[in-house]
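Quick notes on the structure that follows.
For clarity, chains are labelled A, B, C, D, E, F, G, H, I and J in written order, and residue numbers in each chain start from 1.
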Amino acid sequence: MLKGIPKIISPELLKVLMEMGHGDEIVLADGNFPAASHGSKVIRCDGNSATEILESILELFPIDTYTKHPIALMEVVKGDPVETPIWDEYESIIAKQTSIESPFEYVERFAFYDRAKNAYAIIATGEKALYANIILKKGVISE
Amino acid sequence: MLKGIPKIISPELLKVLMEMGHGDEIVLADGNFPAASHGSKVIRCDGNSATEILESILELFPIDTYTKHPIALMEVVKGDPVETPIWDEYESIIAKQTSIESPFEYVERFAFYDRAKNAYAIIATGEKALYANIILKKGVISE
Amino acid sequence: MLKGIPKIISPELLKVLMEMGHGDEIVLADGNFPAASHGSKVIRCDGNSATEILESILELFPIDTYTKHPIALMEVVKGDPVETPIWDEYESIIAKQTSIESPFEYVERFAFYDRAKNAYAIIATGEKALYANIILKKGVISE
Amino acid sequence: MLKGIPKIISPELLKVLMEMGHGDEIVLADGNFPAASHGSKVIRCDGNSATEILESILELFPIDTYTKHPIALMEVVKGDPVETPIWDEYESIIAKQTSIESPFEYVERFAFYDRAKNAYAIIATGEKALYANIILKKGVISE
Amino acid sequence: MLKGIPKIISPELLKVLMEMGHGDEIVLADGNFPAASHGSKVIRCDGNSATEILESILELFPIDTYTKHPIALMEVVKGDPVETPIWDEYESIIAKQTSIESPFEYVERFAFYDRAKNAYAIIATGEKALYANIILKKGVISE
Amino acid sequence: MLKGIPKIISPELLKVLMEMGHGDEIVLADGNFPAASHGSKVIRCDGNSATEILESILELFPIDTYTKHPIALMEVVKGDPVETPIWDEYESIIAKQTSIESPFEYVERFAFYDRAKNAYAIIATGEKALYANIILKKGVISE
Amino acid sequence: MLKGIPKIISPELLKVLMEMGHGDEIVLADGNFPAASHGSKVIRCDGNSATEILESILELFPIDTYTKHPIALMEVVKGDPVETPIWDEYESIIAKQTSIESPFEYVERFAFYDRAKNAYAIIATGEKALYANIILKKGVISE
Amino acid sequence: MLKGIPKIISPELLKVLMEMGHGDEIVLADGNFPAASHGSKVIRCDGNSATEILESILELFPIDTYTKHPIALMEVVKGDPVETPIWDEYESIIAKQTSIESPFEYVERFAFYDRAKNAYAIIATGEKALYANIILKKGVISE
Amino acid sequence: MLKGIPKIISPELLKVLMEMGHGDEIVLADGNFPAASHGSKVIRCDGNSATEILESILELFPIDTYTKHPIALMEVVKGDPVETPIWDEYESIIAKQTSIESPFEYVERFAFYDRAKNAYAIIATGEKALYANIILKKGVISE
Amino acid sequence: MLKGIPKIISPELLKVLMEMGHGDEIVLADGNFPAASHGSKVIRCDGNSATEILESILELFPIDTYTKHPIALMEVVKGDPVETPIWDEYESIIAKQTSIESPFEYVERFAFYDRAKNAYAIIATGEKALYANIILKKGVISE
């Protein structure tokens, strides 16, 4: 543990967040996401929800401001009547910590999988909500 | 995720719990414990409390009944006026899932470190309570 | 060994089953299947039949319900007069543990090999029956 | 699979049995034995009994004839009223395949653990019987 | 060494032969074959002839009966007046241990190299005869 | 780069600082220190002075308050007339960021080397001042 | 440290510079560059500016004279009003240590990323200036 | 050192020369050649000239006689007025140890680089002469 | 294969023989010797006799002349009526290739095992003769 | 190759020389020295004499001035009438590049071997002179 670093973030996750540069992406995957088969670098956070992790990451991690919608969600599959209340939670967390308006891009399920394969890392959370997978694009630290 | 496996337990932790045999020990270390320097096998569970993890582990893991006090706590250092309310929580979790009476052995701080070095694995939890480190000795599964 | 985990399942196999996510596939290969050359991850279960292993896996592993026929068998090669009584055994095991109707898709031999190459893992069983190779697609754990 | 090799023996186990030389020892450990912490080389055979494996190994593996009691069992702990019927099964398997008289040496529990640490390999069987751990010392193939 | 295993076969070679499944191929390469650059898995048998090794392998290894000519030889390059007496030796060894009629397929030199690259393993023998390279396709063990 | 993390700290160094627990030590070694031969984990910071690095580390890293003198300096060798002005710089950096009084323990040169061997990591700085090596003992983060 | 080698250069960086041959390229990346995801070999120099590192490298490293513009800068994105004063610093450093006239080639942002992927190594500096990424092509040492 | 092996040849180089088979190629690269980026296997011989190494290699290594020009040189770039006296040295070394007439094929610079990438190994010599890179194709040892 | 290198010697064995220096030892172990458990570096030569290998090695390998009896044999165990005709074969091979008189030292069985553990490498031959294990101490190549 | 670095020094050797710190030792071993068995880090320089390498190393490498005799030679074994003219060459090389008077310590043969085992690295040169092994202790770079 270190001063000022959220306790939910493991040493390895902190290293990964720090190694990432402008434009690199990280996936917060829910508990059913095929993380091990889609990520060359997978960080397990089994006991935590995606919202807790998102909140902690945003304390440290700048979101890209060069992209219109720097955060990606998995589009609801056509015909699926499911509700996605977690998106509202995500939105309010992001609103609190960034000034990005309409941050979300919606990505079709299999396109989302492909994008996850190219991400810098996948965090395998224990999130149980449906359609909770989310991708963050890293921005720039300027003085 | 699998049916009937507590969600807080990662695939790697589950493998470690299963590989362990009669008499092997596992440490649940609090957030300040020097886990990386004392364990040859360290499993990070940064975002979780030791009580949550203990509760989940005991659903799967038999405690040794061949040893008088199969669970070890770190003795309060002499002169330290600290309270250890987490021990009561541990006790009630253990009472719920096992029938062991007076499960605890109290181990002096540096002897505890040595014992941790010989344990099969250390789980680095995010537990913030003081004197929260705890060692479990595995028992036998008999039909 | 752990409480409630079928004894036939090794620590490594349990970890693999747990790491898999929605849509990932696992092959139960018979004793003559070229597992080592087709799987990047191969788990040996030489002394066990595929039926025993299937039965144990289904206690823990959810089958995909988003796919019409989430379980694949290798189609009988044209002209081959062989009988495949093991398919009936598979069917009754699946019927006991899931509520999937007509679970099977039949895949041509070489297409089956290709699919095995993309599976998350191959379990090399000691099954001696003919046409006993079987692929399971993992589903979702929802609360 | 190969002609004449018992099907229960995995490729890795066969390699290990063949690499061993005069005087090297192998442990057949029961399901509760702490194999992972005591063996530098561990071969998992979770779904099989120790008797099945012993029988198959003895088809290939010569027992040392230079040692009086080339096979070691774990002594019953003093005061333990347990019966050890599996020893009779071992004896009859050995009698069928070798001509060694009174093959067994009885080793105290912790001495047995130490000896297992120095063995060439440990086979982690799924054997459920008590006091089923057994050590074989390899002999010589002479023409 | 083990009972009933030809002494010329190393532990590693035995493991490789056993891991192979239906349709996998193994190359017995002569002393001048570029084995190290064409095989991802190379087993050195420098001091032995290909005929000795072939004879020992066929005691254990089933040849594929689903393929018309399950054994491949390297075709004599056009215009090369060389004789290939080793083919007759191969033929009589095969005739003694299998019932395959006309076992040989003749493969052009560079096609042979490509096929060697896809084989499961290459055995680098010390064979000095010309055109001695030979590929075996594994068959099925059925009870 | 991340928000609030001093830029001089590399991802790997941050991970190491975070992995360390109560009582673990880290060495800031000057440019002539035999870091590669004394540290199992060495982090290169060739272009930076020890004072810059110390300052940045102390923003994140708690110093042990359970030890009387939790920071070690290498004692001036007897008879050496050298001045050690860098110690004053260290003192004022420490005074600014902690409330430890008389933080320094002075360690004989070869005892210092031995202690460095047992430290969790050595940072190989480019510091040119004499007697600039310094060891920090990690303290506890409490809420 | 060695005689005559600039102190900012780490042992690993020196080895990399020396291993490179005619035509190989090295990237000096600024603090926001996605170095870890674009370089198979990444050397961290977090605490140093790109100008300091460039100056030190040029003491040892010959720039290619067979290429018209052997040094590449990342072109300013169209519409971006940013100034790039660091280019002038680069120019004067290069002018002092080489005799190359108009050394710079300007490369579009994504083409620059692709070229970085094929470079021999990326140095991840702590440079904070904008558009500070720079690629050097190695020349020849002739006597 | 061994009897009859030229002292300039390292154990690793000798192993590589011996592992190579008919048609495999090895590059003797001069001091400016980008060996590390073009060879998956690179053997450093920094302190030696290419002529010394060529002479020693040819004592052991048969040149291919099935190819018209089994030795490749890098063609002089058009317009380059350089002289290549080292080619004459190469020619007389080859003439002394083989009976190949007109051994050289001349390969365009970038085609030479591509061929080097496919070679079995690259020897990074300290040769300072221009256009000194040379590729040898291995022949056959026949009794 | 290379000119002048005995064909029985593999590339790896040649490298090992060459890496060895003055005073290093190599074991030629018979087929029943526990090579895998006693040698950190083991070279398999399963299909060859120890006499063939000894003969080939001595063509290249100088025997130490600074030691009285530079070659060690395993002493016949007391009471064992076995004959050791292979020692005479060894003697005549050594006499042909060296001028060492009375080359043999006789080492008690368990002392021999300990010495094998400290040898540079063990060659696991397929030798079937009894008491055929032999240790060679390397000498010096002088011009 | 780099400007100002002697060409005989390989990238790996340069890295090793630079990693070494005050008091670390490096061995220049002659061609018969058992380098592979005594050094955890061995750098091959087979084609070069120890004098050439010493000369190049001393251009970069400071010799310790805190030790009376910072360079060690292997003492002539008692009774050995050999001459050691290479020592004079060493002396004159050292005299040219340092101002150390009477640099040599003479170490008994087996004590020399033990010291080599603890050195940071061993350079395996092709030096043929007798008693040519030499150990250098690294000093300090001060501005």
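Basically, contacts are C-beta pairs under 8 Å (C-beta built on N, C-alpha and C of every residue); 3 or more make two chains touch, one makes a residue touch a chain.
What you are looking at is a predicted structure, and each value in this text was computed from that prediction instead of being measured.
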By label, the chains that touch chain A as well as chain J are F, G
Which is the least count of steps on a path of touching chains running from chain D to chain G?
3
Name whichever of E-H, F-J or G-J reuses the B-C interface, so over half of the contact pairs are the same residue numbers.
G-J
Suppose chain centres are the mean of their C-alpha atoms. Which chain sits farthest from chain A?
I
What whole-Å value do you get for the distance between chain D and chain J if each is reduced to the mean of its CA atoms?
53
CA centroid of chain H to CA centroid of chain J, Å
31
Just the number, please: Cα centre separation of chain B and chain H in whole Å.
62
The distance between the C-alpha centres of chain H and chain I, rounded to whole Å, is 35
Give me the residue numbers in chain H that touch at least two other chains, ranges are fine.
1, 11-12, 19, 31-32, 36, 128, 141
What graph shape do the protein chains here make by touch: line, ring, star, complete or other?
other
Every pair of chains that touch: which are they?
A-B, A-C, A-F, A-G, B-C, B-D, B-F, C-D, C-E, D-E, D-I, E-H, E-I, F-G, F-J, G-H, G-J, H-I, H-J, I-J
Which residues of chain A touch chain B once you look at their complex with the stated criterion?
1, 7-13, 31-32, 36, 44-48, 52-53, 126, 128
In the complex, chain D residues that touch chain E:
1-5, 11-12, 14-19, 59-62, 141
Interfacial residue positions of chain J with respect to chain I in the complex
29, 31-37, 128, 130
Show which residues of chain C lie in contact with chain A when the two form their complex.
19-24, 120, 138, 140-143
